[in-house]
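Alright, structures below, take your time with them.
First subunit A sits with subunit B, and in the next complex the same chain sits with subunit C.
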Partner chain A sequence: MRSLVPILIAALIYACLTLVVSNSYYQLMLTLVLVWASFGLAWNIQSGYTGLVSFGHAAFFGLGAYTTALGQIYFDLTPWLLIPIAAVIGGVSGLLIGFPTFRLRGHYFALAMLAYPLAMLYVFEWLGFQELTLPIKRDAPLAYMQFSDPRLYTLVALAMLLAIVLITRAVERSRFGMALLAIKQNEAAAEAAGIDALAWKLRSIVLSGAIAGAVGAFYAVVLLVVTPPSVFGMLVSAQALTVAMFGGVGTVWGPLIGAVILIPVGEILNAELGARIPGIQGVIYGLAIIVVILVAPEGVFWTLRDRLRRGARTAAAMTPELSAPAAPLAPADTRPAGQPRKPPSGEILLSVKGLSKSFGGLKAVQDVSFDVHRGMILGIIGPNGAGKTTLFNLLNGFLPPSSGEVVFDGRNMVGCRPHVLCKAGVGRTFQIMRPFPRMSVRDNVRVGAYVQAANEQEAHHLAADAVNRVGLSPVADKMAAELTTKELRLMEIARALAGKPRLLLLDETLAGLGHGEADEVTAIVQRLARDGMTVAIIEHTMQSMVRLVDRFLVLDHGAVLADGEPEQVTRDPRVIEAYLGKKWVAHAQA
Partner chain B sequence: MTSQVVENVLQALVAGLLAGAIYGLMCVGLGLIFGVMRVINFAQGDFMMLGMYAAYYLFLSAGIQDVFGNIIGPYVAILLSGPLLFLFGYAIHRFLISRVTGRRTAQLEGEGHFAQLILTLGVALVLQNGGLIVFGSVLASIRTPLSSSAWEIGPLWGDFISIFVNKSRGIAALISIVAMALLAVLITRTRIGKSLRASADNPVAATYMGIDIDRSYRIAFGLGAAVTAVAGGLLATNYPFHPYIGIDYVIVMYAGVVLGGMGSIIGAFWGGMTIGLVQQLSTLVLPTQLQNAAIFVVFLLIVFLRPQGFFGRMVERT
Partner chain C sequence: MTDHTPLALTRRTMLAATALSLAAPRAFAQAAADVRIGLIVPLSGLYARPGAVMRMGAEMGVDHINSAGGVKALGGAKLKLVVIDCGDTTEKAKNAAQRMVAQETDLVAASGAYLSSFTLAVTEVTERAQLPVLTLSYSDLITDRGFKYVFQTSATAGSQARQALPLLMKLAETASGKRPKTVAIIGDNTASSVASVKPMREGLLKELGLELVMDETFTPPLSDATPLVQKVRASRPDMLFFLPTVISDGKLILEKMNEFGLGQGRIPTISFGIAIAEPDILQTISPDLLQGVITCVGSWATKGHEDLVKELKTRFNEPWMTQNAISTYGDMWLIKEALEKAGKADKLAVAEALRTMDGGPSKYYPGGILKFDEKGRRVDAEMTVVQWQKGIPVTVFPQKLAVAEPFWPKR
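The block that comes next holds the complex of A and B.
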């Protein structure tokens, strides 16, 4: 709650300013700053946090504005009621628009969103709503939100903005916000960590559309006149985008800063020079945007913050380094290497039957069958291009198999999406690491915990526990982007562990590690297995694996080449041939 | 009765083809920029607007009218606006866009897409409003005596049907097609064109092959601006224009580029052609105000059903 103080102070100052200003033009400007800040925040909830840029928020804004106008003209309803109705309409249209549109990515999403408000613009013009004027209610002005004192509009807008700020912050701090940020930073990793990306994206666009609808409804009340270009037009969408990007995307402060700076500049220019030089507002506005993007491409907020932090860091560097070097990793496994573990006895956890996948003519995985018993470590090895990662992608739902079955814990999981498999107990890491780079280690891992955690507290505990199990507690507060390869590998394991998986799929976890580092990671994997975790690990070098695994599955050209105990597999002539070529077979057997 | 319907359909078809050829050229300009650099350029419509005014002033004030007369003059002015806009686009890329694309943006959020978007939005705002200051808000047009006369095709089908082709629209469409063909030769046959395509396909590999991608990008941006500007000039011989006209057409252009498949130059032309046809044919069944709504609906349908466009290549992961 401490962090609420600056926002409340800012609101209070703004309220005082409102009461002092008597000029009705400047008062309108004060109201509009809040309106566009609110709209920027609505945009931010969808585009800022998920990273899917929308050029179409005018659709929600316009629908909201027309809700008030038509509701008041045809049904004589009050805006006090129409604004919530507009929010509902905005939310529903968010769902209707989001559902098909989220299938698109990147530029396609942005461009498709552009089409919605513009199509609506023409439809509303065609319907004959070129210019609607809200009826003046002289008998009951308050009941119809028609204040004689313009300061009241500003205060209502301020209350609305505060509410939106609180909603945004609640989103930001909850699993909602974490899920969106995770999706933005790496959608595949988020899905593998148990996040239902589509569901969260839909929630964000519904919330965003609802807020935008309410803001549009209020805008109509303030201006009293609604025309299709003024509420559905491209400039409306651009306004949301501009204030948010100018101020900084993905933070509650961004749209606020953007609106406070840009809206008055534009309006004042328009008032002072607009009559003599029409368009000067737009020119200056455009120039301001260009300059800011060149100087601070991530927006004012992030640039200032980074600069302040850097300043703080240099200051800290001046004082002697006090913090001890990072504590060594938790003690490695004490079991002497090479000593056979108790043979995995448990029942079958994962059973793969006749699994195949082809991409066009290429058979990446052909008729692969194997079983994984509870508590065992299965090593999946094979030369580059053998189909190992494709096999994992089939197991955790990134790819649908062309044929075959994946039976996990008695259920056939073929066709399930990654987050469903994650919830069922399949955790995985990636060969090419997929951290959420702008989150701390703890938060990265926390994203993985949500799939099992009922609340924030439990997620926190699960994450802390997982971080501890891989020995990353000393660096838990570092940003993922600052970690070494080894730490990233461990963090990915922790992220998978936080979801309490029963089967852990590790994809080349030892790749790119030095000898000592690989041993540390190996020790951690062994410890996990001893604690009862079932592990399947991919590697293309056999050497590091021989001591680690209970059983090997060797793939070559997508098919199973050998399946058995390590001693047996390493002597198999076919395996040696696949790895070293024919002439080594005789050599190895000699 | 039926012959009337057939005549209307044929007339709309012809109108669609004529408009489509110009839209096609316009889309090719954007397709070059979008396809090569993957930058969403909001200012493309305003480049077109600049092209219109450039042709307008070249024709009226730079003496072209006196030298070439009223019939040939406009087209000379339009073609000359191309090089002007090439320089303009080249400079915009050199001094603005290049700062937020390429290597420098790798560490930015969303690989700098946010920055590119808002930068071109800023450029668009400056151009539109600057246009208003410089050119004024009065509708302008490049008048040619040809726009009030037509060729008659027909009578066909036993004297019942005849189609009229407005001369200036017909010539504009022809010039578009010739320009498109020249551009296709440039892209497929010349060294510059090859380096553009290489930079589009795989910027990193292109660098290893000794191609200066920044230069390729600048050329693509300039060329894209020039091509769209010429298309704008051709449009201006038939429709009046104003400084804010860019916004209307930037959507048409994106629709066309996506329809044709991003990265495909010829695809962008057919995409634009499709937009022209949809727009004109929709007038047969829809009220005129819904013409543009029809474009957006078709655009959305295509994006959902076939996001790689008509001509886009499916890139299959292996």
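The block that comes next holds the complex of A and C.
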């Protein structure tokens, strides 16, 4: 709640300013700043947090505006009622638009979104709604939101914006926001961490569409005239993007900063230069945006924050974070180091039978079968391109196998989506690390905890525990962007651990680590196994693995080359040949 | 000045003194303070060009009024134009209007805002600020909202739709001595073209005894106009309604018609609106191709405006005078008349003067009189028919306003 204070203070200052300003033109600007800030926030909830940029939020905005106009013209309803109705319409259209469009990613998503408002623009023109005006209500102005005192518009807009800010913050701080951020940084990693990406994305576009619809409905009340280009036009969608990107994407402050700066600047330029050198205002406005984006590519908010943080890093390190968990922070390792590992218990946790995967003519994985016993460490090795990562992707559901079975804990999991497998107890890390750089270590790990946690508190608790188990507690409050490679590797393991997996798939966890670092990580993996975790680890260097694993599975050209004890496998001539070439076979045997 | 009688002088002085003491106390010391008039038009963005032309008309109007002695009822007070850019979106237009009424509080009237969506947005603001606005925009909605401070000088879109066809029939009869019997339509599928054609298809043609012999709708951009023009040649209509939105489509069709020997007015080719008669079109289509093309517009430079056209050409290098220039020029005179009638530089009084005015035949708007009905529409407003003749679109109908004879094939 402490962090709400700045926002409430800002709102209070704005309200005071509103009451003081008597010039109706300045008052209109005060209203429009809030309208565009709200619209920017609506866009931000979907595009800012998921990273799927929408060029088409005018679709929701326009539907909202037309809801007000048509509702008042044809049904004589008041905007007080029509604004909530517009929110419902916006939400429903969000669902209808999101469902097919989320099949697309990146630029394709952005372009597809662009099409919706453009199509709607023509539909509304075709329906004969080229120009609508909200009928003037001379006898009951208040009931129809037609205030003679323009300050009331600003106050209504302020209340609306405040509500949207609170919604955004609630989203940002909950598993909803965490899920969206995780999807933004890496949808695959998010799925692997147990997040049902499609469901969360749909929730975000429904919420975003609902807010945009309400804002559009209010905009119609302010503007009083609704035309398809003025509410469905490219410029409307662009306005949301501009204020959010200028101010900072993915934060509640971004669109607020963007709107507070850009709307008045644009209008002042229009007012001062429009009649003198017509058109120059657009040039200056455009140049100003270009300069700011060049100087602050992630938006004003993030650039300023980074600068402030850099200045006060040491001070910040001293201050305890608000999110500090109640869980006790145990020392990194209390267990005796030399304890012998217990042998595999014999019970089979994962059984792979005849697994194959082809990409066209390429057989990436051919007829692979093996068992993983509870508590053991399985090393999957093989030269580059042997099909190791493809095998992992088959195991955790990123790819459907062409044939074969993956039986996890007695259930055939073929065809399950990654987040389902994650919930069932299969956790994984990635060869290419996917940290969420702007989140703290603890929050990075927390993303992985939601798959098992029933509530925020439990998620915090699970995350703290996982951080502790990999020995990252001392750096738990650092931003992920500040970590070393080793710490990032450990953080990825912690993120997988937070979801309480029973089988941990580690993809080249030792890659890029120095000798000493690799040993540290190895020790941690060993300790996990000792505590009962079952681990399958991919590596292409054999050395570091020999001491770590209980059993080796060697792949070459997608097929199993050897399967057995480390000692035995490293002496296998076929393995040596696959790794080093024929002439080394004799050499090694000598 | 010298030919005024002493009586008129006294009355004028007295009125001016009253007006000044009532309306402009701070200007007491001056003999006659400037009377400020707003011109809120698009000067930037997509519609900057028509906005600029409106400004030319307004500046000429103000200069002529001032050099003719200003507003006599206000002691020869001069008019002063306050130009405000209303941009290229409805929101910018609304903002500009709000700025106008908040910042320029001494305006007595305004003219604007070209596009009817802009005019709608602007007048939502001016209505609440009780500032009278004259507009050349067509939309019926502008004066259908029960507003008291907006005055439409052109015939509304609805009225134009009713007027245009009978007007063209009359033109054809006068020019060729025969009543057209068959028509063809070539239009694209954009909203405005579809809207213009719809009433014709739905009974208007039948009412006038016209047979629709060919009706083609295409999607812009057109890659080849041959099939369309071939159909025109085959059906040989007495009139062709020609409604392209994209200039390149218009060019393709006109080129093809010339190639087939149907151009140059051999088949009377009729468009609607101002776009086909704007000077800009000559950058894309050569005047030879346009020869004979007819369009119906709300207003145009007509008989009696020759000096204005000449002045516009020398002063602003505009080749001819479109509705935007002549209508806005007329607006300045109309505001001046209202000021004379009101006797004071006060927006409420000017609005009341406009409402009650009965200024006789209109000099700068086609047809009708200088009087507004209870909605704010100019009584009996008519429209003009303009034809491209030797590289210039000239008014050819109604006859009393025509500056040239229309040519229409006599066969």
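We adopt the following convention: the second predicted complex is superposed on the first by the 542 of 590 C-alpha atoms of A that agree within 3 Å, B and C clash if a C-alpha of one lies under 4 Å from a C-alpha of the other, contacts with A are read in each partner's own complex, and residues count from 1 in each chain.
Methods note: a contact is a pair of C-beta atoms (placed from the backbone, for glycine too) under 8 Å apart; a residue touches a chain by one contact, two chains touch by 3 or more.
Only a predicted model underlies this, so the values are computations on that prediction, with no experimental measurement involved.
Trainee: If subunit A is used to align the two complexes, do subunit B and subunit C fit next to each other or clash?
Mentor: The answer is clash.
Trainee: Which holds for A:F370: it touches subunit B only (first), subunit C only (second), both, or neither?
Mentor: After superposition on chain A, A:F370 lies in contact with neither partner.
Trainee: Which holds for A:P278: it touches subunit B only (first), subunit C only (second), both, or neither?
Mentor: both
Trainee: More residues of subunit A are touched by which chain, subunit B or subunit C?
Mentor: The partner making contact with more of subunit A's residues is B.
Trainee: Taking the superposition on A as described, I'd like to know which of subunit B and subunit C A:F147 touches: first, second, both or neither.
Mentor: neither
Trainee: According to the stated criteria, A:E298 is in contact with first (subunit B), second (subunit C), both, or neither; which is it?
Mentor: A:E298: touches subunit B, not subunit C.
Trainee: Under the stated touch criterion, which partner chain does A:F398 make contact with: subunit B (first), subunit C (second), both, or neither?
Mentor: A:F398 sits against neither subunit B nor subunit C.
Trainee: Using the superposition on chain A described above, determine whether A:W126 touches subunit B (first), subunit C (second), both, or neither.
Mentor: Both subunit B and subunit C are touched by A:W126.
Trainee: Can you give me the overlap between the subunit B contact set and the subunit C contact set on subunit A?
Mentor: 122, 125-126, 278-282
Trainee: Can you list the subunit A residues touching subunit C in their complex?
Mentor: Going through subunit A, the ones touching subunit C are 23-26, 28-29, 32, 122, 125-126, 128, 130-131, 133, 135-136, 148, 223-225, 227, 229-230, 233, 235, 267, 270-271, 274-275, 278-282.
Trainee: Under the definition above, what is the set of subunit C residues touching subunit A in their complex?
Mentor: 43-45, 48, 51-52, 83-85, 87, 89-92, 94-96, 98-99, 101-103, 116-117, 120-121, 124, 127-129, 139, 141, 145-147, 191, 194-195
Trainee: Enumerate the contact residues on subunit B facing subunit A in the complex.
Mentor: Touch list, subunit B to subunit A: 34, 38, 40, 96, 99-100, 105, 108-110, 112-115, 117-119, 121-133, 137, 243, 247, 251, 254-255, 258, 262, 287, 289-293, 296-297, 299-300, 303-304, 307, 316-318.
Trainee: Can you tell me which positions in subunit A touch subunit B when the two form their complex?
Mentor: 51, 53, 100, 103-104, 106-108, 110-112, 114-116, 118-119, 122-123, 125-126, 184, 234, 238, 241-242, 245-246, 249-250, 277-283, 285-290, 293-294, 297-298, 359-360, 362, 364, 438
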